[in-house]
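Below you'll find the structures, each written out as structure tokens.
What follows is a pair of complexes built around subunit A, which joins subunit B in one and subunit C in the other.
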Partner chain A sequence: MRPLTPSGSLSDVCGKAESVRNSNLNSLSDQIVADIYGNAELITKQVLSKKKTHQKGLDQRLDDLVTSKWFGYPLMLLMLVIVFWITMEGANFPSRLIASGLFTFQDQLTLWFQWAGTPAWIHGILVLGVYRTLAWVVSVMLPPMAIFFPMFTLLEDSGYLPRIAFNMDHIFKKAKACGKQSLTMCMGFGCNAVGVTSCRIIDSPRERLIAILTNSFVPCNGRFPTLIIVTSIFIGGTFVPYSGFVTAFVISGLILSGIAVTLLVSRVLSVTILKGEPSSLVLELPSYRRPQIGAVIYRSMIDRTIFVLRRAVLAAAPAGAVIWILANTYLGQQSIIVSLAQALNPIGQLIGLDGFILLAFILGLPANEIVLPILLMSYLSTGYLQDLGSLDGLRNVLVNNGWTWLTAINVMLFSLFHWPCATTLLTTYKETGSKKWMFLSFIIPTIIGISVCFILTQVVRSLGLV
Partner chain B sequence: MILSAEKKKSRKDHIGLSEAKNQFSIALAGNPNVGKSTIFNALTGLHQHTGNWPGKTVDNAQGDFQYRQKSFIIIDLPGTYSLLAHTVEEQIARDFLCFANPDVTVVVLDATCLERNLNLALQVFEITPKVIVCLNLMDEAQKKDLVIDLPSLEHELGVPVIATSARQGEGLKELREKIYQVATGSLQTRPRQIVYSSDVEEAVRDLLPHVETIANNPLSPRWIALRLLDGDGSFLDSLSNYLSIDRDLSPGWEESKCAH
Partner chain C sequence: MKGAGKIDPLADLSPGSVCQIVSLELSGLLRRRILDMGIVPGTIIRCIRRGPSGDPTAYLVRETLIALRNEDATQILVKRLSNGEENV
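So, the complex of A and B:
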């Protein structure tokens, strides 16, 4: 017999099911699960055997070491420093090579434009604006990323990442967050938007929100090279023979301070707007596998190159054009960019930056990759033209614009703690489905960045260290 | 809040499978980190990201391949330990298997943790008969001195069992062939059905006549009965959504079993 309306039938059946469930003393759902497990056990017994009594396997011994109380953390730190050191040393040479190649080509482009008799403003927008910014992004951003990510992927492929999560779990517990958050932070190195998406692996919605809101404390792909360059110029450069190591240590320190702030903010969120207790971490530690080294390196280099180039074309090219126009359109005596920078300067100075730097961070909202190129473009538009193929040239540009070591540190701190890029904000909106969380993910890091830079600057200045 | 956005997306993506005419659809299911994405890449020649940690694939990936002049579309489902829908991933995987109706489901098992992996296979068997079991990471199992009696496993499960080491590319040829055979119907499968304890079986018997009255139901009535006995609210949502009927939530019924 068919019912007249299907909707009637389903709710009838539900009602019936409920009465059957209630009439059973034992929980039927537990029984169902138990029966499934029983079957699996039965089958396994029949088909599985072990060749010999197995002594503690290599995996087990490795895990005892990697996740041990005394050795676990030092090993993680060591890995961090080594990875950055290799990145720094390795990126130097290709960076210079690409820069000198691309900037030589820029001169050639200029000659062609002159030969074709194009108006100066077209040459300005296309060559001095779009091309130069693209050249910056590619030469500065690409090499470190093309070296860092293959190494990271090797760690990921070997099975080390879940061990990090396992090691970090009890610290995250103390912050009342989930240990899997460290996996989402690892993903954030690649791109905070990807990091935010990967927060789906966290089951509890409360802990997932915490992980989403704090993801941008991990420096992404776009901010990393900024940190590396500023460190190399202002800190590493002063310890000449060991500059690589010193830079690696400073960067690792910055990452650690990012982690510390992540934990702190997670804890604060857990006792304020996202109240709750941490759930226990259930994470399978997979077997270690030997990564397919050649394939991994090749693949992740190609992937990163495509990623960086795509972002460069989508964000840096239009930004370059806009900056050039802003720098070359005059309102009265001053170009727009100088007026804007002057307007921002008082706030910038208060937190140890300047108006141009703050402007670059604001204009860098579409993508963090373009912050440093925008900054250089706007400094250069005010007159200093230097040899840009080398770090020394870069250093001169910055020093001529009043940078001190304090400015450098503040730029790095602000780069680590400021609003996430537009893509990450949109992803946060998509993942949480709420403008409120998106706004919080914008405002929390911003407030932290401004406060940290403000306090540091005021302390250093009042002590007369600068 | 999180769920509502994700739920909408999952329905759109996962039921709206973009298969062409005359194309067989293949679902890849399995526990997290058993190498589904590696198998997916090997079959399709695509480069879906892989990584050695559970949870790498959070969305379904699709790709296609040709074999013996037939076209196959293959869907890499997120890794799940079960289909009893305690997490969003489980719900996505379960809804896909139930409502997208793939022509073949390949359950990928980690040969080094057979018992735990079999739980998922047994649950898949209850939803669809066209299943192939792919016993992956055989190289790892060998390193751990584990010996698995393949013929008797095949006999116990009632479906083809293919041993693979996907990272080395071993066993994939045979997997392709078996997918072809099961999809075209030249190989019949009779997956093992769990016989539950008497309490459960009795309750199912009571409920079956009622379940059979549901119109346009695409699923096995026995399976629906079992989920009803589970008190799985999220499944009822999916089912009524599929049948486009509204269900009055009676008080006392769990809104959703998911941890949201």
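So, the complex of A and C:
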């Protein structure tokens, strides 16, 4: 060993010590890990016997297809469209059934309240407010969720999702992000709060933050009903025999634009506040397996459907009461809700919405699921509740309130690009431990949504298309 | 078996070829992740396939399929055992 020569400073010494430690530690730790694996291999050889097969397994052949140059990307797109198509076609009928059942029961409730002689305002808050909103949320959300979540869990269970990350990694790398972000986005389809939590799978803190901040560009389950209903009414409905397919395509298109914005924002963040180069990716591609149907149904029903529905119901019940009170408390000539909507109307009109729509999005902060119910309640707050179980009834309500196809598109875009719900914001705060990131996750989508709707509206109006 | 026994970066392997890890020129978190996945000096690895756009490449390590980016795989040095085309 060389005699120690006095170094310039403590940090020099520390630096040297660190480099010596690292150079030795690596080979030492390598040796330790290699030994552990060696032992494990030895044990495995003793206790496991395996048939040796030389032919390509089913796994390999499936991988050849789903990650192939030509079919990889189209196949993902096709899956997306098929999942939404099945969801929409399948949810249509049960939704109507549940709606008619629940709304019939509402009339029954009203009779009971009258019979008991309860004051009108109690009946208003409880039946017209709480119950009606709940009935809406359940009938609109339950069927699509009960179809979408099991299908999604099937894909998850089969081992297809890691292949999506495998296929998409290259694109995410170009945006200086991590391929695993596509997995957290998939989780976001179910619930953005869950999506944000799942960002823990991303190793690099920088890329994790990017994934967290962009997660709400994937429409969560609470926003699907809004997207589905608005699309079915204003776009799908005009192509009658193929409405299901057209709606599925439109929604898939929306999701693609959400993905495009995700990549764009990731890229922009990477050169601004989250500067850095893409780090590494170590992604395990587990073998495919036949999903266990029982487990899939249990997990998707109990863990997801019921969980999300419960959250929606918990948010919707008080919101329903608040809306009813706002709609039925008069300050001077008009109700509070109308005054609020009028105050918001100039901004709303500028981005192709209206005051009521903007108000519904703001009041929907606790949960996106209740945006459409709130909107309908406020539209109907003065009028008589029509047959909302059918799409035609809904269409009439919306058209009577001045909706055009431009309004519909703007509502869908704004639903895709606006502040995340309160739960997602809180989860972001919990995951990042900083109010700054929570605020950014609020403001980034909001700015994008407002600009996109503003530009679209102004272009369409100046071209005289509406 | 052309090129067998040569030391190459893992990223240079074409799908189907088999190699043995010689050393990991990685550091930090990634090094630990790679070790955790069982990629240690001496491990036999088979290159299985590339992603649709050619970038992440899937490798078979101890019967587990693991995808690595090419940037990372260039820092893993391997000894070729077979070029593998006959083995696919």
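What we mean here is this: the second predicted complex is superposed on the first by the 406 of 466 C-alpha atoms of A that agree within 3 Å, B and C clash if a C-alpha of one lies under 4 Å from a C-alpha of the other, contacts with A are read in each partner's own complex, and residues count from 1 in each chain.
Note that in this section a residue touches a chain if its C-beta (ideal position, glycine included) is under 8 Å from a C-beta of that chain, and two chains touch if they have at least 3 such contacts.
What you see is a predicted model, and the numbers here were worked out from it, not measured in a lab.
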| item | value |
| --- | --- |
| Partner chain(s) touched by A:37 [first = subunit B, second = subunit C, both, neither] | both |
| Comparison of subunit B and subunit C by subunit A residues contacted | B |
| Which of subunit B and subunit C A:170 touches, first, second, both or neither | second |
| Which superposed partner A:462 touches (first subunit B, second subunit C, both, neither) | neither |
| Touching partner for A:156 - first (subunit B), second (subunit C), both, neither | first |
| First, second, both or neither for A:14, with subunit B first and subunit C second | first |
| Which superposed partner A:333 touches (first subunit B, second subunit C, both, neither) | neither |
| Which superposed partner A:292 touches (first subunit B, second subunit C, both, neither) | first |
| First (subunit B), second (subunit C), both or neither touched by A:272 | neither |
| First (subunit B), second (subunit C), both or neither touched by A:29 | both |
| Overlap of subunit C and subunit B interfaces on subunit A (superposed complexes) | 26, 29, 33-34, 37, 41, 203, 283-284, 286-287 |
| Residues on subunit A engaged by subunit C in the complex (per definition of touch) | 22, 26, 29-30, 33-34, 37-38, 41, 60, 63-64, 67-69, 72-73, 166-167, 169-171, 173, 179, 203, 278-287 |
| Of all residues in subunit A, those that touch subunit B in their complex | 1-3, 6-7, 9-18, 20-21, 24, 26, 28-29, 31-37, 39-41, 43-44, 46-52, 54, 57, 153, 156-159, 161-162, 165, 180, 183, 197-198, 200-201, 203-205, 208-209, 283-284, 286-289, 291-292, 299, 430-434 |
| Complex contacts: residues of subunit C adjacent to subunit A | 24, 27, 29-31, 33-38, 40-43, 48-49, 51-56, 58, 62, 64-69, 71-72 |
| Of subunit B, residues touching subunit A in the complex | 1-6, 32-33, 47, 50-55, 58, 84, 86-89, 112, 114-116, 118-119, 122-123, 137, 140, 144-150, 152-153, 156-157, 167, 192, 194, 196-197, 199-200, 203, 206-207, 210-211, 213-216, 225-226, 228-232, 236, 239-240, 243, 245-248, 250, 252-253, 259-260 |
